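As written, the chain order gives the labels A, B, C, D, E, F, G, H, I and J, with residue 1 at the start of each chain.
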Amino acid sequence: MLFLVRMDVNIPSHVPPAEADAIKLAEKNYSQELQRSGKWPHIWRVVGEYANYSIFDVESNDELHGLLSGLPLFPYMKIHVTPLAQHPSAI
Amino acid sequence: MLFLVRMDVNIPSHVPPAEADAIKLAEKNYSQELQRSGKWPHIWRVVGEYANYSIFDVESNDELHGLLSGLPLFPYMKIHVTPLAQHPSAI
Amino acid sequence: MLFLVRMDVNIPSHVPPAEADAIKLAEKNYSQELQRSGKWPHIWRVVGEYANYSIFDVESNDELHGLLSGLPLFPYMKIHVTPLAQHPSAI
Amino acid sequence: MLFLVRMDVNIPSHVPPAEADAIKLAEKNYSQELQRSGKWPHIWRVVGEYANYSIFDVESNDELHGLLSGLPLFPYMKIHVTPLAQHPSAI
Amino acid sequence: MLFLVRMDVNIPSHVPPAEADAIKLAEKNYSQELQRSGKWPHIWRVVGEYANYSIFDVESNDELHGLLSGLPLFPYMKIHVTPLAQHPSAI
Amino acid sequence: MLFLVRMDVNIPSHVPPAEADAIKLAEKNYSQELQRSGKWPHIWRVVGEYANYSIFDVESNDELHGLLSGLPLFPYMKIHVTPLAQHPSAI
Amino acid sequence: MLFLVRMDVNIPSHVPPAEADAIKLAEKNYSQELQRSGKWPHIWRVVGEYANYSIFDVESNDELHGLLSGLPLFPYMKIHVTPLAQHPSAI
Amino acid sequence: MLFLVRMDVNIPSHVPPAEADAIKLAEKNYSQELQRSGKWPHIWRVVGEYANYSIFDVESNDELHGLLSGLPLFPYMKIHVTPLAQHPSAI
Amino acid sequence: MLFLVRMDVNIPSHVPPAEADAIKLAEKNYSQELQRSGKWPHIWRVVGEYANYSIFDVESNDELHGLLSGLPLFPYMKIHVTPLAQHPSAI
Amino acid sequence: MLFLVRMDVNIPSHVPPAEADAIKLAEKNYSQELQRSGKWPHIWRVVGEYANYSIFDVESNDELHGLLSGLPLFPYMKIHVTPLAQHPSAI
């Protein structure tokens, strides 16, 4: 079951750079593990913005919320989720 | 080069049903040909709406505008394009 | 799997009243059948508006889109879907 | 009398973690007490967001404002209330 | 129980003037009857717009929806309802 | 001459609680004095929000701006003013 | 007492050109009479739009609504009114 | 003196195709004459939309409004103008 | 050449009151000098807001940007500029 | 391949003035180097705002994101990108 997810990142300036770097590294690892598992089949950078559009492939809304709320950057992101369905013209 | 495209369809009521059906059939054929060519790798229905999110893979902005403005439903759609880049965490 | 759905109805004036009444009756029957099946557990009127907020309980995004796009009033509605998850404080 | 309530939580970073945890625990207890009383029959997490949609069942606007403004997280939430009525198609 | 209600009127041009006049007269009578009953204690014109802000005093959300959906101009209005509560500084 | 005024209060966290309490008390006294004078005939709480809708009855725009900018909470409020006129259906 | 007024004109296509011309001529005469009277001291065209920003100088909200609702183009305009006050830095 | 202008075209369906074609041809000629004169140095298509972003180079606001309101498609366009100034980093 | 300019002031709380007062005094002097020169013919307070609408009369976009970016409060203001032209009905 | 880019700058007050000046100088050098290379053919100031509209001429979305995310002011800017295509009326 597919969802389009937009994430806008905004790490506040009071987070020390070393801590920010650690969070970003954890985020990258977390993301790549999910990509490898097939749960997060696509992630694209929005040109010019600290943001991404992603596709998630999950079993349920609860599973998706679990994955998103577990993101190391979750406290610093604005996330919007759009549920997707099979398109009748898709081959 | 990838772009996220959202298309919202609104066929006005004055279009006769037979004409609307013909346009939709032409749209389906046009879309499937582009999907087969690799230019339009993904098309998903937005749940509950007469709309889709699609990914296009083209050589240039001009090529993308040519493909979109050639859609049989183009006169009846609101289209918004977001340019995408490689994400540093993508595997 | 739960979704919050808002539907705003706008039947254009060119639809003859008898046809509009027939569509509304079909809508009511369609809705009540889904309510009885457990797929559409709640429907509430938004005070002062020709609109409703509903809760759907379905197996997948595709099932939800099928149910919504099958609504007799679907061509005359603006629909917005919000996926819901279990809340950690829910009893 | 039913109301749909959306709550978006944003605890500022200057609140010490221990204090934030205490507020969240108080919020959970407060919410569950109201759920048990029947005043707050539904609470759902919005997927991907630190937010919920809830249904309240109260005697009056004043009662609802009293319940909402008494939420331990009230100073840190953006709340929007939509009054609901009986839908003519509801079974 | 008080509600602030904003109503924006837009009678489409295809309604014959005589019919529009009849609807407006019925609206005026309907409104004045509710004003006399105490259910609609205030109605003000928004300066420069074919719109009003009103205060309704009703027993329940259902009663309010019944009153609003019964307005002769209801099919031609956009209505937004805000529930109001006692203010602690009100004398 | 009547105006609808919406005020949204947002006292920043750096204001010490004792100072905030003093400002709120001054605000209450200021408001009640104006209510008694007839300049501020109505004040209602927006359900679920730290906000109010009020009606002011003043001689001029300048008088209204003077009253509003003199509010003890003025530096911490977002205010929006809508001028009102006599409604032709008002009794 | 001054007000800033923005008017956006949109004459629907079903109005016959001769009728539209007559309305525009009446509008011009109506406007110029008010300009000469001092009630409408400024009118400016918004560059690139069929719209104007104007300043009105009236005794009351009711007078302003009377002037605006009497505009021959009133049924075809979207109007927004902002009340203005003396600025402390104005010379 | 430079201005960024966005134009969104929407020719209503009741305009006969031959008339629409004549207007578009007149628009093209009008635009190209201004481009040759140096008044309209840039015009770009917005990808996926029946819209353009343009740069105009004129002597005054009045001249710009004259050029824009003279566009054959002016009655069918939504236009937004942004005044531009020399940027201190421009070479 | 005329422009309508809206300025919304927001001096952050970390600016010491004495410094804020000095900036406001400089702003007043700067504004009054421009008013006397004829470059800033009108400034009005928006009722209920720490904001103004002003009319500027300048030779060019560059001159206007120079005047606005030189405002002592410029770093603490949100400014929006609308170019104005002669209205055909203006007397 | 052309893109219209809007950049709004907002340097937070906690950045020391000397550091802010160094970033702005680096930004100017970075911008001028790209202007000389032909990648950034136009940059214009938005009148009255700490913002610019720019045209970029690049080979790909990835190249554009690389250029924009490398801007010394990138952490302090809100950026929006619009892809542009050849306009059929352009000479």
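General observations
Following the convention adopted for this analysis, contacts are C-beta pairs under 8 Å (C-beta built on N, C-alpha and C of every residue); 3 or more make two chains touch, one makes a residue touch a chain.
What you are looking at is a predicted structure, and each value in this text was computed from that prediction instead of being measured.
Counted as hops between touching chains, the shortest connection from subunit C to subunit F is 2.
Its C-alpha atoms fitted onto subunit H, subunit E is found rotated by 145°, rounded in steps of 5.
The mean-CA centres of subunit E and subunit G are about 26 angstrom from one another, to the nearest whole unit.
Averaging C-alpha coordinates per chain places the centre of subunit B 43 Å away from that of subunit G. For subunit C, the set of residues touching two or more other chains reads 2-3, 45, 47, 61, 64-65, 81, 83-86. Chain pairs that touch, as defined above: A-B, A-C, A-D, A-J, B-C, B-H, B-J, C-D, C-E, D-E, D-F, E-F, E-G, F-G, F-I, G-H, G-I, H-I, H-J, I-J.
Taken together, the subunit F residues at the contact with subunit I in this complex read 3, 5, 12, 14, 61, 64-65, 68-69, 79-81.
Remark: subunit G residues 2, 4, 27-28, 31-32, 35-36, 42-47, 52-53, 82-91 touch subunit I in the complex.
Partner subunit B is touched in their complex by these residues of subunit H: 13, 45, 47-49.
The part of subunit F that touches subunit G in the complex is made up of residues 1-3, 60-62, 64-66, 81, 83-86.
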